[in-house]
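Next come the structures, one after another.
In what follows, subunit A forms one complex with subunit B and a second complex with subunit C.
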Partner chain A sequence: MTGGRQRALWILFLLAPAAITMSVFVVYPLVAAFRFSFYTFNGLRVADFVGLENFIDVLARPPYRAATFAALWHNVIVFLALLIVQNGVAYLIAYALLKALPGHRIHQVIVFLPVVLSAVIVGFLWKLFYHPLFGVVNQALLLVGVNGPPWLGDADTALGSIIFVNAWHWLGFPALIFLAGMQRIPLETMEAARLDGANDAVLLTRIIWPLVAPSATIVFILTFIGSFNWFELPYIMAGLSGAPGGATDVLGLYFYRTAFGTVSSGLQDFGHGSALAVLMFLFIAAFSAVALRVLRRREIEL
Partner chain B sequence: MKQSILRGTLLSSLALFGAAMAAAPARAGEITFWTWRQEDRAAYTELFNAFTKANPDIHVKFESFAPENYNTIMSTALAGGRGGDVLQSRAYGGLEQVAKAGYLLPLDPATVPELANFPAEALSAETLRADKKVYAIPFASQTLGIFVNNDVFAKAGVKPPETWDQLIAVSKTLKEKGITPIANGTATAWMDEVFAGIFTNPMLGPDFVADILAGKATFEDKRYTAALAKLLELRDYMPQGQTGIDYPTAQQLFLSGRAAMFAGGSFEISNFRKQNPKINMDFIAPPAPTEGAPRYVAKFYDGGYAVNAKSPNQADAVKLVRYMGTKEYGDKFAALLGNISPIKGVVLEDPLLAKVAKLNEVSMPYIMAVYFRYETPTGSELIQNGVQKMMGGTVSPEQVGIDVTQGISRYNAAFQKK
Partner chain C sequence: MKRLTLSTLGIQALLILNGVIMIYPLFIMVLSSFKSNAEIFDSPFALPAHFDFGNIRRVWDETNFVVYLANSAVITAVSVAVLLVFGTMAAYAIARYPFRFRETVFLFFLSGLMVPLKLAIIPLFVQLDRLGLIDTRLGLVLIYVAMGLPSTVFILTGFLRTLPGELEESARIEGACEPRIMWSIMLPLARPALIIAGIQNAVPIWNDFFFPLVFVTTDRLKTLPQGLSVFMGEYNTDWGVLFSGLTLAALPIMLCYVLLSRQFIAGLTQGAVK
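Our next item is the complex of A and B:
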């Protein structure tokens, strides 16, 4: 008996550091944000309980509604673009690496290298690359006689430019996951397909794709969460206002602006900010749960 | 958004730790001063030493925090009953957020007679609208105008423009000689408000501001949209790809002499000199719409020094704030920090600062910051967004006027009827 109790105490003791850290830095803030989202603020002090008013404001009333949905729409664009471009290219690269062509090891490192850089460094670096006067992108274009646009300043190119940087930065990660998935496919399966006359295209779409379904699930879910929590790159490259004129505004920036304000334009409003954060959390959690369930169903065991 | 919540909480907890650390070693007779101006440490140390000389039993400890998180850190600490004894605070809406919550000590002319050393408009920047009480001693006024690189102008054989037509003519000449006439771009949102504020002010005049405040006009007014439309003429004389040129780039273009003019605030003076001590620059008022018309500069107050309402060393803190309202402090402040102290009778020995003070005689309020930065959406965020889009060519000046008016009408009843 005492042995069992001692064991339980010991386990409790070992779990305590992690449990305390989690509760203080993750659970408590989440609960606090939930609480704040039901209150108005008098300046910076919690004032009145207003029920769901803050939620209704950010979803249905001006001036919040337009900004919320514009930001959400940008998140959707980011998600779809990353899903198709970033992960699509990653899938092809993974296949190329799988073929173990000469030099594939060094390429594996090169592809993965940007992933280890911090988003802050990548953001600043590419902000310089895109610079209309000194940036290498436009100077390279000038060599072939093209006058490049101010990538981050033009409302038509700004969001796409930042998405491209994100893809450049993260490409190696899905590539590695796909590669690991492909390496788990038994060699005889691939050989059998080859003997039946499958070329690369058939192999990629009919044989490998269904067999790397578990990898695809992970990549899909991570891309989804990453796209809807997108903050660092647009913050560094476009600023809190989602320059130019909100063309790169995403939910992360809008939440931050609303809750914490900006030095020279916005005010702090924890009530509406928390409501936005809670909605984002619920949306991401719910969608991820459903997507996970659906995607798991298409995974097959060999 | 878990990450961002986490970030916010980390910041707040850091702030609390900071506050706890700050509170712990407070020796008897030591008070702390909180600011977002880390770069001013040396100057403040000198100012506080002068204070301690007069008050040998009070020592002031300088503590600074990152500007973009300063309000969050300060408010978190204040909410927990901690924070510095004397707090550098913002003005207008930025002050109101902190003062409204009751965190700051109202300053009474009876206990702080130095309030009489300030002009009324400086005090109004630090006054809570609800109770009409002053909550901070103003520290600086800022003026928005145009920086001119004298050497570049001389080399190109042109003179600083006095009217709008001269501005265009001078810019044309500069451009032909391969010099970017105006350094500003539009990629940094807050600079768009500065840019628009500078060039539109002389076209609007104080009558327009009076009409806005009286509810007789909105930002859809022809005077306002016509002034915004004039900004579009400047696009040809801004750097190539101006929509992608951010604030630091614009500064560097001006400092390196690649650009001849920089539309900005007097707060740049000391920073510009630090970065390029050899620069031969002048600060001029924006061009007049017609020859001989007044050239209004835009003016606003930066912030003030407030006393923490829960400070255990309140008497000492009030003493420091009173000192910060004296002419002696103002003289030193202006000389050390290169900013204009609003204290009456302050002597500005720096010729450029003296020039700015002279320009202030023909000034107008920086409209959005002074009157429409109290509620969401602030006039500032609306105009910043609007001008950025307009200069990028995606909306018309009329549409900017409509958007700004509509946004502000949410809390300004006078705009709703129109």
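Our next item is the complex of A and C:
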């Protein structure tokens, strides 16, 4: 009797610290974010209840509307580019590593090295590299007789340049996830395909791709969440307003600007900021849930 | 044993090319920190004429670099320590004791796995303001602990469930109390999982820029990535010093990674490869 009671107290003691921390700093803020989005703010305090006005503002009224959809569109570009380029190269690298050629262990360590660095270090490093006159990118192009553009200063190249840096930074992550998936494929399967005359291209597209479907699912979802939360790299490389002229503006920057103001105008607007946060949260959650369901079904079918 | 075929050669070439693309930028970063401005602009790819530590000394002496470094070290160490204690306690309860609502409690922790806490920054700001924790290191620690708990509880619960029950039972029969069983018998077995969970949390906390950006304004409380962004603005014409700052900021985690690369890779891809 007392033994059971003692046991219950012991379990409660074990669970309490983690549960309380989670409640105060994760659950409460999430619930509050929804509530805040229905109010105007007076500094840090909730002022008037305005119903759906904040949502209507950011989705349908100027000046918010144009900025919201421009930023969203840039996030879509970032997501698709990373999905295809970063993860495509990662898939090839994983296959190359699977061959266990001499030096593959060192390569594994090298390809994952940038992943452990802060986006702040990576962003500033490449910002120096992209400098129109003195950066190593254009200096290298000059060696082969090409005058490189001002990568980050030109609206046509800025977003792509930052996407490339993101791919360089994170390449090792999907590569090693794919590698782990490939290593789980039975050797007999690969040998049988080889004996049937399958070359690398056939192996990669017909045999391995369906068998690493679980890895592809994870990579897809993580790329999606990462792309729509993109903040540090554009903040460091393009600034809070997505220079030049909003060409690199993404939802993360736009949300931050709306909520906390820019350097020039420190105007806080927690109401519209919360509405944006809620919309982003719902969008990410809904898309991830649907994508996960579709991709899981695909895993079984393949 | 392997036949040297054309495709093998092609694949090796692809790996070497990729390896160069990954490592060469970091190589230039380190080399440039020994160069003067003139050397960087005129011969960016050459080795430095001589290894001059002047730039590095300037970063160390003239800026608050050491303060930023110490702040990051303290915040990361305390956050990870608290995370491992809280996380292990909760995971142990969920993994080793049958109780009512056990699955519900587990789901409660798991629900935090997919939530990007950045999006809750406004209420977090209001919450920390109410608690008087804006612009403090403690405020950051609490957020990091909360942010890391879901994945920590997830990993450790998964691991602790795999431990055999016989050890526990025989200790119980010999009259050992529950805290003692947990501390002396079960936890020593969980050390590998604790190391993985520790690294998985330490790296993003050490590298984080977003939460300090919002919450910390006092210069002597700033973390390394945040301090670096201040420093990069101040010295923006002195490239040798800029590269030195980047190199010094990257050095601690790169050293840890080179020493413990297997654990780093396992820790950071954990959860994604399961």
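Here is the rule we go by: the second predicted complex is superposed on the first by the 284 of 302 C-alpha atoms of A that agree within 3 Å, B and C clash if a C-alpha of one lies under 4 Å from a C-alpha of the other, contacts with A are read in each partner's own complex, and residues count from 1 in each chain.
The definition used in the following text is that contacts are C-beta pairs under 8 Å (C-beta built on N, C-alpha and C of every residue); 3 or more make two chains touch, one makes a residue touch a chain.
Quantities reported herein were computed from a predicted structural model and do not represent experimental measurements.
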item: Subunit B versus subunit C as contact partner of A:F281, first or second or both or neither; value: both
item: First (subunit B), second (subunit C), both or neither touched by A:F124; value: second
item: Partner chain in contact with A:I11 - subunit B first, subunit C second, else both or neither; value: second
item: Subunit B versus subunit C as contact partner of A:A96, first or second or both or neither; value: second
item: Which superposed partner A:N42 touches (first subunit B, second subunit C, both, neither); value: first
item: Partner chain(s) touched by A:G239 [first = subunit B, second = subunit C, both, neither]; value: first
item: Which superposed partner A:N229 touches (first subunit B, second subunit C, both, neither); value: both
item: Subunit B versus subunit C, judged by how many residues of subunit A each one touches; value: C
item: Which of subunit B and subunit C A:L80 touches, first, second, both or neither; value: neither
item: Subunit B versus subunit C as contact partner of A:P29, first or second or both or neither; value: both
item: Contacts on subunit A seen with subunit B and repeated with subunit C across the two complexes; value: 25-26, 28-30, 32-33, 44, 133, 229, 231, 252, 255, 259-260, 277, 280-281, 284
item: Subunit B residues within the subunit A interface of the complex; value: 1-6, 8-10, 13, 67-69, 71-72, 75, 78-79, 93-94, 96-103, 185-190, 193, 239-245, 249, 369, 373-378, 380-381, 384-386, 388-389, 392, 394-395, 407, 410
item: Subunit A contact footprint on subunit C (complex, rising order); value: 2, 7-8, 11-12, 14-15, 18-19, 21-23, 25-26, 28-29, 40-41, 44-45, 85-87, 89-90, 92-94, 97, 99, 105, 108-109, 112, 114-127, 129, 142-143, 145-147, 149-150, 153, 178-179, 203, 206-210, 214, 224-226, 228-229, 232, 239, 242-243, 246, 249-250, 253-254, 257-258, 261, 264-265, 268-269, 272-273
item: Subunit A to subunit B touching residues, read off their complex; value: 25-26, 28-30, 32-33, 42-45, 62-63, 130-133, 138, 149-155, 229, 231, 239-241, 243-246, 251-252, 255-256, 258-269, 272, 276-277, 280-281, 284
item: Sites on subunit A touched by subunit C in the complex; value: 7-8, 10-11, 13-15, 17-19, 21-22, 24-26, 28-30, 32-33, 36, 44, 89, 92-93, 95-97, 99, 101-104, 106-121, 124-126, 128-129, 133-134, 136, 139-140, 168, 171-173, 176-177, 180-181, 199-200, 215, 218-219, 222, 225, 229, 231-232, 235-236, 252, 255, 259-260, 270, 273-274, 277, 280-281, 284-285, 288
